[in-house]
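Notes follow once the structure below has been shown.
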Amino acid sequence: MAEKSTDQLSDADAHLIALDGVGKRYGNIIALSDITMAVDNGRVTCVLGDNGAGKSSLIKILAGLHGHDDGTMRVMGAERHFGSPREALDVGIATVYQDLAVVPLMSVWRNFFLGSELTVGRGPFRRLDVALMKQTAQRELAAMGIDLRDVDQPIGQLSGGERQCVAIARAVHFGAKVLILDEPTAALGVKQSGVVLRYILQARDRGLGVVFITHNPHHAFPVGDRFLLLKRGKSIGYYAKKDITVAELTAQMAGGAELTELAHELEQMN
Amino acid sequence: MAEKSTDQLSDADAHLIALDGVGKRYGNIIALSDITMAVDNGRVTCVLGDNGAGKSSLIKILAGLHGHDDGTMRVMGAERHFGSPREALDVGIATVYQDLAVVPLMSVWRNFFLGSELTVGRGPFRRLDVALMKQTAQRELAAMGIDLRDVDQPIGQLSGGERQCVAIARAVHFGAKVLILDEPTAALGVKQSGVVLRYILQARDRGLGVVFITHNPHHAFPVGDRFLLLKRGKSIGYYAKKDITVAELTAQMAGGAELTELAHELEQMN
Amino acid sequence: SATGGRPQPNSGGGAGSGVTTPRITVAVISHSAPGDTFWDIVRRGAEEAAAKDNINLLYTAQPEGAGQAQLVQQAIDQKVSGIAVTLAKPDAMKTVLANAKAANIPVVAINAGAASAKELGARAFFGADDRIAGEAVGQKLLDGGYARPICVIHEQGNVGLEERCAGVKAKIPATEILYVQGSDMTQVSSTITSKLQATAEADAVIGLGAPYTLTALRAVQATGSKAKIASFDLNADLAQQIKDGKIIFTVDQQPWLQGYLAVEYFWQQLRGGFEMGGGQPVLTGPAIVDQGNVDAVLKFAQEGIR
Amino acid sequence: MSALANAADERVRPRNGLQQFLGRPEIGSVVGAIVVFLFFAAVAPVFLQPASFATVLYGASTIGIMAVGVSLLMIGGEFDLSTGVAVISSALTASLFSWFFVFNVWVGVGLALLVSLGIGMLNGWILTKTKLPSFIVTLATFLMLTGLNLGLTRLVGGSVASPGISDMDGFALAKSIFAATVPIAGVEVQITVFFWIALVAVASWILLRTRVGNWIFAVGGDAAAARAVGVPVAKTKIGLFMGVGFCGWILGMHNLFAFGAVQSGEGVGNEFLYIIAAVIGGCLLTGGYGSAIGGAIGAFIFGMANKGIVYAQWNPDWFKFFLGLMLLLATLVNLVVRRRAERK
Amino acid sequence: MSALANAADERVRPRNGLQQFLGRPEIGSVVGAIVVFLFFAAVAPVFLQPASFATVLYGASTIGIMAVGVSLLMIGGEFDLSTGVAVISSALTASLFSWFFVFNVWVGVGLALLVSLGIGMLNGWILTKTKLPSFIVTLATFLMLTGLNLGLTRLVGGSVASPGISDMDGFALAKSIFAATVPIAGVEVQITVFFWIALVAVASWILLRTRVGNWIFAVGGDAAAARAVGVPVAKTKIGLFMGVGFCGWILGMHNLFAFGAVQSGEGVGNEFLYIIAAVIGGCLLTGGYGSAIGGAIGAFIFGMANKGIVYAQWNPDWFKFFLGLMLLLATLVNLVVRRRAERK
């Protein structure tokens, strides 16, 4: 277990997940190359970057949705190459995907527990514990500030933000060791975004490793411990919180100079 | 055309679009009731509200995607009840939907021009002007800071933000009189968000009426002229820019007290 | 002015003289596929007998054994006075025929299943064994000196059709069987063509139904093959082609008679308790039609009863 | 957040009991079934006799048994074109095997079960391995099974029909199980009707009350999303195909023991009847939505129309025409009922 | 942002020409077709003779003509089960009408065109009005047309086959158009082959180079999204159904004038051949993806397998088995080629 840390910012000697020189291709499209990072207990790693930088591709590797093409991934010390998201879930990695991974025609509570259903009874009489599941789903959503009319509604009928909240509440509920969130606050209201940030901190405090992807430096900075910056599939910086400020982070994310110019322009137009 | 303005904030005597007491139901679910607002030339109306407040439902009425169930909608003076989005497009209303309305298996450029294809030639030899369309799509996306590998790629393979940029670039390109944007910056990076805000101001300056939906008060405030606040399907406030500050807006959007408490809590946890 | 087309209606034509027996209902249930020309003629015979004998005829058909059995059961539910059924799949009919017996509904068998008719409780049989018809064709071809016929089955797995070819093969073991997709004439045509191209030594093609034989004839003519054409069943066109010497012969089961006799049986029972066939199968074929006797048949074929 | 709080939600218009009842997904097809029933009861009085009704039920059950498996499969987002001939394959396996080796027929019955499940597993396995659409995969199995049925039957038994096995050991017992009739109120009801009901009950239970049921909806609704949250997509799909195989085995055994022999060329085309029943019953062809009871009602509507036209003594030339019209009307009634209920 | 700039994009691995070529969507099925061709050329030398090849082409063309319309419809996200019998309806209309009223056959031919387009329009109209799945709608039309074909033919002509019209005015001319053969290199090639090629060319043009083509992909890929950006979804779908009707008319006229008469029971089941051809050729059953040329290649593969087995003189009992196997292998080759090309 005394694995050498490849992540220069890591203060732990055993990582929950450690990526070393990982690359990913879709056909002849190179989405990621040579990424090194680690996910540690009680740490929030923020992945930041432009649109199409490869953030989602990165977390899909961690979540077991895609295999990586180059480099190595070690999960809790052992080298792994997840064959399916089930394997990732089984080691305690829960993920909120950017496209949410919900089944539109299924009801909210069925989506909430999909793949991890609660059951009662034994043998052939083992059945879904519908009442408990409905209740849990309703409660967890209410805790996020989403007051659903009916958890029996198909999730496809919910508003974009409501749907996103279901996906987040689900991951938070089932995440045992690692929680991965891909732009969870994108469609969320001010209040819900606040709740999600609080969840991230709570998970961190419970000792989970958190990977948080966002475009909003004001969301990333308060909760993140380390910041991985991607650009066009490559890592362009990896900072500990103490080494960077919000302003620098924002500048880095947007390509510096351009943004200042833009802000200036906006100013003038008004 | 000398229609009486039902919108107390409006300074124009003829509106591009005027809603009066509009309501919308999905089956027995009441999504909107009694909404009054107007879209005017050279004004940006921001629609703000919690998740599930009914913002998207409202703009779907303006865009012709759904009919309204109560109240009246007047478009350029005449009472209308759009039968399809085509009718809205034909009077110059272009919309960016929250779910983007792109066809995943079709290429980027085909999606960009879908429904408004450019053609050359006449009669039976009238054909798509493929070269021009590809070129235009690539150029418009580049202007947003999206440097695509290939506009012939199916749009389903793009990253979430790239896809969103296609939908925005398309609407901006075709919006003639009214531009409606439903959470356009949700999936966007810092730079791209800036570009979208600039687009909104440019459209306003060209005399278009703009409806802008967002959860980010920092995006809404700089560009908005009026702010319509929705909660649980009802209007809870309608302000001109001079009557409100960013802080007030944020507080209103999130339900006031709760947010302060949350911010406090976040503070403490760190 | 237009030529051909519908013969202009001419007045006259005898209406059948009425009978005095009370009106009864008789069901004729076959294993025909919808739109089969052969069964159309059977049905016409049955209709003519029914019209003449003051009988309400219920004609239904289902190619699948289980489906046909359910149709028989429905006829029993309807309490008809008699059932005529084809026994192409006797096993499938066993139970329902027992039900008919229990319900005291007389049953006769038609067309196929002479061997099992009695055992299943049918009171009479009107038909021609497909196998015997097939053997007749085989014999006739053998006599004509043909050694390599191709037997074209337009519905794979159809019992009657398979029996016909089996009969031919019993007489001429070198017979080749070709399956074609009967629901599409263009495929029938092109598949026969390809078979002829592959088997240059074939000297006869046997169609198992008039329309298929006519298509086979066209295919043979188009490929320039020397194979001659023989057939089962008849229609006006086919009779004409026999007359013209394009087709050497056909074996006619006289299907009209099968339908007619089946319905007539119940009327005869009603009228005088007659027992047609005297407990023996009444064979309606095979009758061979060739250039020698086609003139006598042609007129009736044009009328649609041969 | 209790149910009470929800009921009082100002964003929901209250519905009365009837509207709520009419809003249930199956009700549309039930109303469709009732309309068809009343129609035939009016035009064909014999339709109402218990004996006739038993015949209708029997006809519906032989479609319905398969419709159960097919509905589940369709909810799971797949399609099976090989069901019609697979039923016959199962029956042929049992009869040819027992006959050739002169075994007790139960040996054949057991083997047939294995073969039926095996065909399903093969379909599912090829599908999940190659990611070809199920239409292609099962079309290929359909063609291959059709060929095997004919070829093997001829090879083993020497004819296009399977040899009769009614005199063999175990036949009587098997017949009394797979092809019995049960007297109810003086009418002999075929046992397939009870198999059908039992299968519908079990399938509904699985679908609505078990984890597997949840997975079935999920793989049909969005296989990628289901996989992302850890649903074993491949296993679920293979299991669904095997379920279809199981239903096919039951029907195959009924066919065999009810008639004692099987025609090797039969079964072709029946696969569509099963799919039709499932679709009439409200299963989405694209997957993710439907119910087992819906498929049963679909089979029942189809069975009623099928038999009712015969009882009504309409000209058989027009049989298909009326059948098509019935079908369209039944589904339209279904649709109208559902829309009205939703609008309220 | 020129093509040059893209080619040099560091996020794209360069592909050589062959890999790019193999990556094209049709190439998979072309390779499948080549494999099937080589296979039969090896096992059945007669397959290579020009005359045999003309026969194969003829067999493929009668499926292929319909496959063109069906492919487009399938790309547009819909399904038509009534195509097989609609072809026959068209032929029957022409022959029964001309025969009954003793008109010039061209009057019948014109009426048949109207009927064919009308059937398509009706299908599309019911579909877009009721929002029922096309499976149900076209199944109902399928059943109704089957009934009408039989019922009307018997009613008008007094028999289940249409009356012969080969001696009527205009027949010879019509035959020389719809059922001609064209000598090419000493081999008589059926005119349907040329109709087929022409239809594929026109359909490809429409699909790839016109606005309507863009709309077809869009309504099939995501009808809701297409509607949202202003595509006339209903009109596009109705148009697609009418296109299928047009193809059916061409094939129906060929059937009529090639054989002089039509049996009213024909056509049932052929609808699946057309769908099969489209699917083998790479059209997605769920819509939004495919090509007209793909459907043509699918028809060609199917036609080759169909006839090749006859040329190879294999035991006809196993015909279907081999056909199924061919089909599976051809699509697997297709798949493997595509995957390998993409992986590179």
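By written order: A, B, C, D and E. Residues from 1 in each chain.
In the analysis below, a contact is a pair of C-beta atoms (placed from the backbone, for glycine too) under 8 Å apart; a residue touches a chain by one contact, two chains touch by 3 or more.
Computed from a predicted model, the values in this text were never measured in an experiment.
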Touching chain A and also chain E, the following chains: B, D
Chain pair showing more contacts of the two, B-D and B-E: B-E
Greatest separation from chain D - chain, by CA centre: B
Chain whose mean Cα position lies farthest from chain E: A
Between chain D and chain E, centroid-to-centroid distance (C-alpha), Å: 30
Whole-Å gap separating chain A and chain B, where each centre is the average of the chain's CA atoms: 27
Whole-Å separation of chain centres (CA-atom averages), chain A against chain D: 43
Distance between the centres, which are taken as Cα means, of chain C and chain B, whole angstrom: 72
Chain A: positions in contact with at least two other chains: 29, 99, 149
For chain C, residues contacting two or more additional chains: 34, 156
Sequence positions of chain D contacting 2 or more other chains: 11-12, 146, 150, 284, 319-320
Contact pairs between chains, per stated definition: A-B, A-D, A-E, B-D, B-E, C-D, C-E, D-E
Residues of chain C touching chain D in the complex: 34, 58-61, 64-66, 69-71, 73-74, 76-79, 89, 91-92, 94-95, 155-159, 162
Residues of chain E touching chain D in the complex: 79, 126, 130-133, 135-137, 139-148, 150-151, 154-155, 269, 275-276, 279-280, 284-286, 315, 317-325, 327-328, 331-332, 335
Chain A residues within the chain E interface of the complex: 25, 27-31, 232-233
Of all residues in chain D, those that touch chain B in their complex: 10-15, 342-344
Contacting residues of chain B [partner chain E, same complex]: 63, 65, 84-86, 89-90, 95, 97, 99-106, 110, 113-117, 119, 126-128, 130, 138-139, 142, 147, 149-150, 170
